[in-house]
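My questions all concern the structure below.
By written order: A, B, C, D and E. Residues from 1 in each chain.
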Amino acid sequence: GEGGDAATSSDGTTALKVGVIPIVDVAPIYLGVKQGFFKSEGLDVTLETAQGGAAIVPGVVSGQFQFGFSNTTSLLLAASQGLPLKVVSAGVASTGEQGKDFGAVVVKKDSPIKTAADLAGKRVAVNTLKNINTTTINKVVRDAGGDPSTIKYVELGFPDIAAAVAKGDVDAGQVVEPFLTIATGQGDRQVVANYAGTDPDLMVGMYFTSQQFLAKNPEVAKKFTAAMAKSLDYASSHGDEVRAVLNDYTKIDPEVQKNMVLPKWPSAVDKDSVQVLSDLALKDGLITKQPDLGTLLP
Amino acid sequence: MSVILDVDGLAKTYTGHGREVEAIRDLTFRIHKGELVCIVGPSGAGKTTLLRCVAGLLGASGGTVVLDGSTVTQPPPGMAVVFQEYGRSLFPWLTVRKNVELPLREKGLGRAERTAKADAALDAVGLRDSADAHPWQLSGGMQQRVAIARAIAYEPSVLLMDEPFAAVDAQTRADLEDLVRRLWHQLGVTVLFVTHDIDESVYLGQRVLVLSNRPTVVLEDVPIDLPDERDQLGTRSSARFAELRSHVYELIQQAKKGHRPEPAGV
Amino acid sequence: MKRVLTTLALPAVLVAAWWFASAHSTSFFWPPLRTIVEAFPETWTADPWLHDVLPSLARLAIGYLIALAAGAGLGVAIGSSRTLREICEPVLEFLRAVPPPVLIPVIALFAGYTGWTSKIITIALGCVWPILLNTIEGVRSLDEVLRDTARSYGLGRVATLWHVVLRGASPRIATGARQALSIGVILMVISELFGANRGLGAAIVQFQRGFAIPQMWTGIILLGLIGVALSALFRLVEHRALAWYRGLRQAERGA
Amino acid sequence: MTTLSALAGRVATRPAPLTKSRPAALGMLGVALAVGLLEALPRLGIVDSRFLPPFSTMARSLAGQLTTAEFWTATGQTLRGWALGLAIAMAAGIAAGVVVGSVPLLRALTASTIEFLRPIPSVALIPLVVLIYGSEMPSALVLVVYASFWQVLVQVLYGVADVDPVVRDTARSYRFSRRAVVRTVVWPTAMPYVVTGFRLAASVALILEITAELIIGVPGLGRSIGVAQSSGAVAETYALVLVVGVIGVLVNVLARAVERRALRWHTSVRGDL
Amino acid sequence: MSVILDVDGLAKTYTGHGREVEAIRDLTFRIHKGELVCIVGPSGAGKTTLLRCVAGLLGASGGTVVLDGSTVTQPPPGMAVVFQEYGRSLFPWLTVRKNVELPLREKGLGRAERTAKADAALDAVGLRDSADAHPWQLSGGMQQRVAIARAIAYEPSVLLMDEPFAAVDAQTRADLEDLVRRLWHQLGVTVLFVTHDIDESVYLGQRVLVLSNRPTVVLEDVPIDLPDERDQLGTRSSARFAELRSHVYELIQQAKKGHRPEPAGV
């Protein structure tokens, strides 16, 4: 059956599996587990990594994972297709500062592309087509007066975007940390921070569960939300520990780790920014009808 | 003696792959239980085809083959075949001994009995030494003798042999001829023996069936009225033997020239 | 008539089973077959055929043919020379074991990230293995007597290759080519997960990521249908090219 | 071209004494060439060393990982999943292939279905397997079995069809039972095809195991590669890829050894070509 | 007449696969240009092995084979071989005609000439009708005749034949024997002819080399002092023919019994 139960053992702790992506965004949950925030709520959390939402969302729907992490647009797409998901916690948000965000569009140092508007008509690499990165780039280009419909998006993995930019196969690429620091370290130049440019408080990713699970285990979800909130707060105020915990689940070079920009980890979901993303998704034709944000968001 | 094999109006036309070959037009003959019948005929006459139909390996296009009272549609039990393509009929993945033993195993014989029979058969064809070799390590004649050993070790009630001695030397051939006659006497097996060697057909058989050219019919069924006790020197030098062999030779020559017992064609 | 029946019987049964088993499915990822069938025409309209399916098939065709030529060519060389085989084998086995998702970026480094080249190379590189391996084995298991015949009549290099080695190995080359066909379809999809924005594979993955599950299923079904169509085409060619082999193998079965 | 001179060489020179070290030595030569190329390309700037580091850099990173328990656990997990999946695929593929291949009606009935199912990419099945098994080992197993099963099946189907008619008739005329025909005639004939099928399936299984680990996050080397990739750790990534490739090479060595034993009788092996 | 083939101390031991078979111990003989030499010997003596060494298809373990002044290490030009495994020596993917034509094409002959020669050769062996069939559509004897046609169409200067008439009927065999002698006269080709048929060896050859049992040496080199003009009836019924054939037959019997010209062993 879909949306299974949480396994509660005799001593009252509930074993949970959370599907995450091994990137900087989910550092708070690793930190929270380490700090015992989940333990003290009676949750025994196991973190399982996957490459993206394609693997995590079905896992959560079927109950293989009780919670998962995904980018906001993917969640909106799922919700608009009628997938019964429920956001339980904020995940990661833009820093809101141009030039100091954790995700941005980069070009070669000597590229003629200087502003977001210059991206129009160019080849731009993103890690997934028709998703958060394309809608936000479209938005910033549109805001800068360019015509985003002329952009030719190409899908490449984050690790390959810098290489493709360097080789000249694409004119620009959207990358997130740590690739942003690596790329700029290799001489690339940031053109625009697409998340910050869309909304200073843009909620880029969130933690979610399935409606069924929530209905059956409202207490567990509440505890998870609470522990997450603590973890997010803790991460926001302990940048050094965040950088340190990355060693537990990533292989980021120490030099890069030190220099990279950390995202913001607000503990509450910024509903307005989710609405913005939803509007953008509709505008760019990713979805045909607005999802019911009331049902999706907590 | 009862009729064991009744071939009635057998016809076989090969079709397919852009060719249509009427190999056998109309073959009718009977063989009694325990007879040793030799079949001779021009190359390409349809001897192999006939044998394959009798063995139930090939469906006829007309007529029937009745063996032991039942129509042959698949290989009947208690039959052994020595194929003209002896080399290809041996299992290359098995040793010589295993090749001989395998049908025995399928017959349900125990290990000891199998080994004994296989050894005896290999001895009889002079291949005891090569029992542990693989077929492809043997000369052509040796391969052919393995196929013969396999057939005789099986102790069949019907034995079909398609030019089984074509690749062995004269002396071995004589020995094997005597072996076949000895086994035939001992076991009462019915033997159908295709050969190109006219002397051999006369020496071995109780009857020699001479086939016509393709499309094939029986040209003549020559009874061999030589005494049952035959030996290589005596029999072959007898006057009757010479008569018979020259008669068969003439028939073959006629067959090659296209002579047919009746006006050909429908 | 009978052949049509036997060809269609099992698929018909399976489709019916799927249809009824899924009729009342509420599972998001296993939609009723009816929903999928209804989604088919609206998903695969002229535009996706023109811009997704056909370019993908074109890349597949090019990559496959390259693999066929390279696999058979290399296979004949490697199969004929023990030394060459021993030198090449470890490296080839290494390449063979590397999963396309990690290999593709390396290919892209050389062949570019966005164009057709790297995708075609990916397809060819995946398809080549079954052809190569089977060709090598086919060449190695060529009848010695045939080999000797060719040599004793002083058949030249080219003639031996063309008339003896290739022909003799052709049943096994066909085995490999058949294998490669479906691998090619798979790699056509995988290659489009990388550096593409259109294509059948890219479309399927985008449906999947966008949670357009019935549409994703239509894509999977389309892939299957393409597989069937290609294999029918393949069989047509094989039927002609290997008529001798079928004859040889059936000769004694009373054709 | 070496091809025909090699053919000729078989006769001209007395067959060189087949020392065990010769193939290994030649293989090492090939490896050395490849390593040299891998070192030279980035160093000479033919490719950007940021994106494809020279071999020595990869090797250094690999050496570092070899000392961690994590690496060995991951390798163990990958090998276990691979071996299990391959075993299942081989068993199922051989059984299905022999049965379907020996019964013409079955073959005709299943042909179109097989052709339909084969080209469905395992990646497209990922959401479905995750739905059922999550990111656990069985997810990878299903993908591994699904992908490699077809390789074995098709090889076996062609192998079964390759039975020499004279050999088949021999078995028939001695009235071998159906089982005996399969065991003593069909199986040995199909054996060379099965060995090739094994070699194909072994690498496909490895590829799928790694890919499943990479994408779904099933524990193993693939997940390590995924982590290294998303951390931008290029050298680590390729170091792990090297390991995967080496596993593939070892599997082939194994397959060749099996072949030499099992196919002693076959033209391809006995001809010492 | 000059020596064309000089076999000196030839030895061949097969090793590998757990067996070691000393097939040929020490063969020494010479053949002059344009000679027709028959080789007979017990089955498994090493006749095929010898032929393969002469053809340069098999490396010897000792001794040398010198053909036309140069040591044989690979198949010499202008040589044709009819293999004992005739069936396996035909290319199954080519039709009969193409099988015959292929070596001619390699020789550089034009299309018209090829067709003419192939047709003539197929005519000579009586297979004109089956030119467009594939080898596996033919009977055993027909396949063997295709192999013969291929060899004679090639017009070689050295012709090696390994039991080439084993699968054809008596009449065809006689015809083919005469064909070989005719071609030999016409073309001056050197022929090495392996057979098990003693009459055939005497009828055909200028010399008959009788081989011993394995490990093989030459038992006797029998010169055939029959007149050069031979015909099937006359020659075979001559007294000298009978003498020669019984002499060869005795030698074969001795060979089978293990008789050797000198104490065997090193």
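What we mean here is this: contacts are C-beta pairs under 8 Å (C-beta built on N, C-alpha and C of every residue); 3 or more make two chains touch, one makes a residue touch a chain.
Everything numeric in this text was worked out from a predicted model, so none of it was measured.
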Exercise. Walk from subunit A over to subunit E along touching chains and report the minimum step count.
Key: 2
Quiz prompt | Chain-chain pair with the highest tally of contacting C-beta pairs | solution = C-D
Quiz item: Which one of the chains is farthest from subunit B, going by Cα centres?
Solution: A
Quiz item: Roughly how many whole angstrom separate the Cα centroids of subunit B and subunit C?
Solution: 48
Quiz item: Measuring from the mean C-alpha position of subunit A to the mean C-alpha position of subunit B, what distance in angstrom results?
Solution: 82
Quiz prompt | Rounded Å distance between subunit A and subunit D, as computed from the means of their C-alpha atoms | solution = 37
Quiz item: Residues of subunit D that touch two or more other chains: which are they?
Solution: 8, 48, 51, 127-128, 131, 164, 166, 169, 214-215, 229, 237, 266, 270, 272
Quiz item: Taking each residue of subunit B in turn, which ones touch at least two of the other chains?
Solution: 14, 17, 52, 57, 85, 88, 134
Self-check item: Numbers and ranges of subunit A residues touching at least 2 other chains
Solution: 52, 54, 57-58, 61-62, 157, 159-160, 163, 167
Quiz item: Which residues of subunit B touch subunit D in the complex?
Solution: 52, 55-57, 74-75, 77, 79-81, 83, 85, 88-89, 91-94, 102-103, 106, 134, 136, 154
Quiz item: Which of the residues in subunit C end up touching subunit E in this complex?
Solution: 143, 145-146, 148-149, 151-156, 159, 163-164, 167-168, 170, 244-245, 247-248, 251
Quiz item: Can you list the subunit B residues touching subunit E in their complex?
Solution: 14, 17-19, 21, 40-49, 84-85, 87-88, 132-134, 137-142, 145, 163, 166-173, 196-198, 249, 252-253, 256
Self-check item: Complex contact set, residues of subunit D against subunit C
Solution: 1-4, 6-8, 22-23, 26-31, 33-34, 47-48, 51-52, 105, 108-113, 115-124, 127-128, 131, 150-151, 154-155, 158, 161-166, 168-169, 192-193, 195-196, 199-200, 203, 206-208, 210-211, 214-215, 222, 225, 229, 237, 241, 244-249, 251-252, 256, 266-269, 271-273
Quiz item: Which of the residues in subunit C end up touching subunit A in this complex?
Solution: 27-29, 105, 108-109, 112-115, 193-197, 202, 205-206, 208-213
